[in-house]
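Just so it is clear, A, B and C label the chains in written order, and each chain counts residues from 1 on its own.
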Amino acid sequence: MASEMKGRDFIAITDFTRGELESIFELADSMKKYAKSGLQTLHGKILVTLFFEPSTRTRLSFETAMLRLGGAVTGFADPSYSRVVTGESLADTVRMADSYGNVILLRHKIEGAARLAAEIASIPVINAGDGTQHHPTQTLTDLYTIRNEFGSIDGIRIAILGDLKHTRSASSLCLGLTHYKDVQLYLVSPEELKAKEEVKDYIRGRGMDFIETDNVENVIPEVDVLYVTRLQKERMSDPAEYERVKGSYFITRQMLERAKKGMIIMHHLPRIDEIPIDIDYTPHARYFQQASLGLPVRMALLSKIVE
Amino acid sequence: MASEMKGRDFIAITDFTRGELESIFELADSMKKYAKSGLQTLHGKILVTLFFEPSTRTRLSFETAMLRLGGAVTGFADPSYSRVVTGESLADTVRMADSYGNVILLRHKIEGAARLAAEIASIPVINAGDGTQHHPTQTLTDLYTIRNEFGSIDGIRIAILGDLKHTRSASSLCLGLTHYKDVQLYLVSPEELKAKEEVKDYIRGRGMDFIETDNVENVIPEVDVLYVTRLQKERMSDPAEYERVKGSYFITRQMLERAKKGMIIMHHLPRIDEIPIDIDYTPHARYFQQASLGLPVRMALLSKIVE
Amino acid sequence: MASEMKGRDFIAITDFTRGELESIFELADSMKKYAKSGLQTLHGKILVTLFFEPSTRTRLSFETAMLRLGGAVTGFADPSYSRVVTGESLADTVRMADSYGNVILLRHKIEGAARLAAEIASIPVINAGDGTQHHPTQTLTDLYTIRNEFGSIDGIRIAILGDLKHTRSASSLCLGLTHYKDVQLYLVSPEELKAKEEVKDYIRGRGMDFIETDNVENVIPEVDVLYVTRLQKERMSDPAEYERVKGSYFITRQMLERAKKGMIIMHHLPRIDEIPIDIDYTPHARYFQQASLGLPVRMALLSKIVE
């Protein structure tokens, strides 16, 4: 049985047990019917958004979730804030938000920023992405999408593709998958952009198998889920190397010919050109539904932790 | 009788029939009394503002309209968004908004952006201005202001003044006037900034007369409405030509001496120096009232189309 | 007895009588219990924020206050607005806000901007800081913090420290203190950054004593309140002079050894390095509580003046 979650912070996907995640997913199921109409369960509550790094999708989905629950929103949406009050410490900004709101949503480029905020604030802090490893509400959405598709996350075969070194949603998903049994994980990236050792150490420590490879084609027929992330030229030291490998990380219809019939493609969006538009019309595309599912699962999370 | 409008998009002023416009105006009349207090008719509904081009006046009037109806607002207010997610397609952004909100308000510099969004979104899309031709809610406000002043739009004599080539509210008003009978339209601009052929073709096709001229002075005594837009130096190829003509497009009290007693001056605001402040105190000035009337008419539009 | 305040502007701390301030403080006392839950007393009312200069703390505290009272918020948060509509007059922007909202919150770098806005708008205007002298809601918060600590403001001994020439919250506090009896005021600054003559003339005219000095150390043992503001290098004409004096205006634990036991340190925040973090853990630090008290006092102000 899931423990009481009121007042809890949510900084890493590993902060919650599998049972607690499941209780969020079950609540999300019932939230779906309110995704266009709304409830009044958080009436009088305020979400404070502190986005030191802009993220329109994450911000809008949380603002919508809070408004759909009858709550209200204040805060700032982009880093122009930090240009202005150059030098104010994160701690002081968090103290301000703590005295005004009922829950804080923080986005920051520095690793550990959300954990620090949670230590300072008396109200719950939700990590909307910090550093290169944690983006737990994206992972919540990702896991919920898989569960929604296959009924269960146990036993899933999944490839995570692209820049596994810098993409926080990729690392966070790796961590999140360790909650489940018999997961077969393929980490597919160029040599230079392999998942960090600390992420792999954590996965190993939790007893989950994974295979590292740079061969996308061989992996596609094996998996139930192809989780695509963006490969950025500027992340690779050698432009020639980028040109050589990029083709492997841009999905094409042809590559999908050998995929299982029920295989789904996920992406946390925004995408640029790593998934061309003609893939949208294949039965594999699931990234738009994934984005929609972010709303009920965030409504569920807010319902669980806001006091 | 006006057809049911729930769920309809509003992309061009010509998307609605004259009867439908009239039903909006009648509802706007009754909305005036709620302009400072508010209703709860859209309680639980969310407006998503996607402003790829900033427009404080249009955004604030819509946000206020939605809040006055008991609804809520999320979205982004300026194009710093597009700096961030460079390259995400408009279509993907619209899909996100579609899954979160109950109505989308879109502003974009590219012609046809709103029409594209409407094709993608299942919820209603309102065009808050795109390209150089369409700004239908500005036109709704303009027509409502004329109706409010003269009781009817049929038979009105109106001059639209300034940069008719690039000003979307001017083109949109031309289109909107074709809904009405016996309108006498004067298009007053420098040769280089004349209304586009496609706009004039549309007007002709609807059987409305218009006169093109660059002589402001001769037109002023003839009209009931003088609709002023801004003339920008950077829009003209020859700076010397700009210096030569600009005097004609900056209204002065002296120019108004030969105007009809009941003639009104309109402007979609913001103005810079094309209408000097001393005109504000003449009985002709109607641009501030025009701005106020944007609120009840937008409340009426939202009430009509949001499901 | 305090006069009726509905519909009043709040541009300078001297616009309200001592009795009126007291009635706000008393209401703030009762608002404290709603600071995390909320009321519905301003349901249906809209606050329009016009921030021509960004100020996240002031804006967030007002937005929270309005939301906690059941009201709603629209407006703009930063000066990117002014980049866009270059040249629109403040007057026209205020007229727009006046026709949409129930109360305007204005921040502007130009002296007198809020007074001008109040003359134009029919709805109440609250000055969120303009020019170098007025920031009345910060002063309301400051006075309320002192009253909260000592039970009374009469007879208080207070030093205001730092750049007294350019810091609007410092000038505004000087003006606000003239409402009270037997206040002993120390103005502590480098010679170049002394309080403006017009501020000192006003204080003298109200019969309040003050002492000007550049010696921080001698003043600390004398006071109940040490109000710290930031000293900025770029405000001083001679960098060498800045280096010479800065040490005196950066508070250290050692400087506090001779302070009275009950002395409190205040700061309007954000701070940079003028108060080091180790001071936070002394019993003197009161700046975080001061920030929190800004919420109930602004809730009280809005409750008093919004019609």
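Structural remarks
What we mean here is this: contacts are C-beta pairs under 8 Å (C-beta built on N, C-alpha and C of every residue); 3 or more make two chains touch, one makes a residue touch a chain.
These numbers come from a predicted model, not from an experiment.
Annotation: the chain A:chain B pair of sequence copies touches via predominantly different residues, less than half of the used numbers being shared.
Remark: rotation between chain B and chain C after Cα superposition is 120° (nearest 5). Distance between chain centres (mean CA atoms), chain A to chain B: 40 Å. Chain contacts: chain B has residues 80 touching two or more partner chains.
Residue ranges on chain A touching chain B, taken from their complex, read 35-38, 54, 56-57, 60-61, 63-64, 67-68, 73, 77-78, 80, 269-273, 277, 288, 291-292, 295. Within the complex formed with chain B, the residues of chain C that make contact are 44-46, 48, 72, 74-76, 80-81, 84-89, 91-93, 95-97, 99-102.
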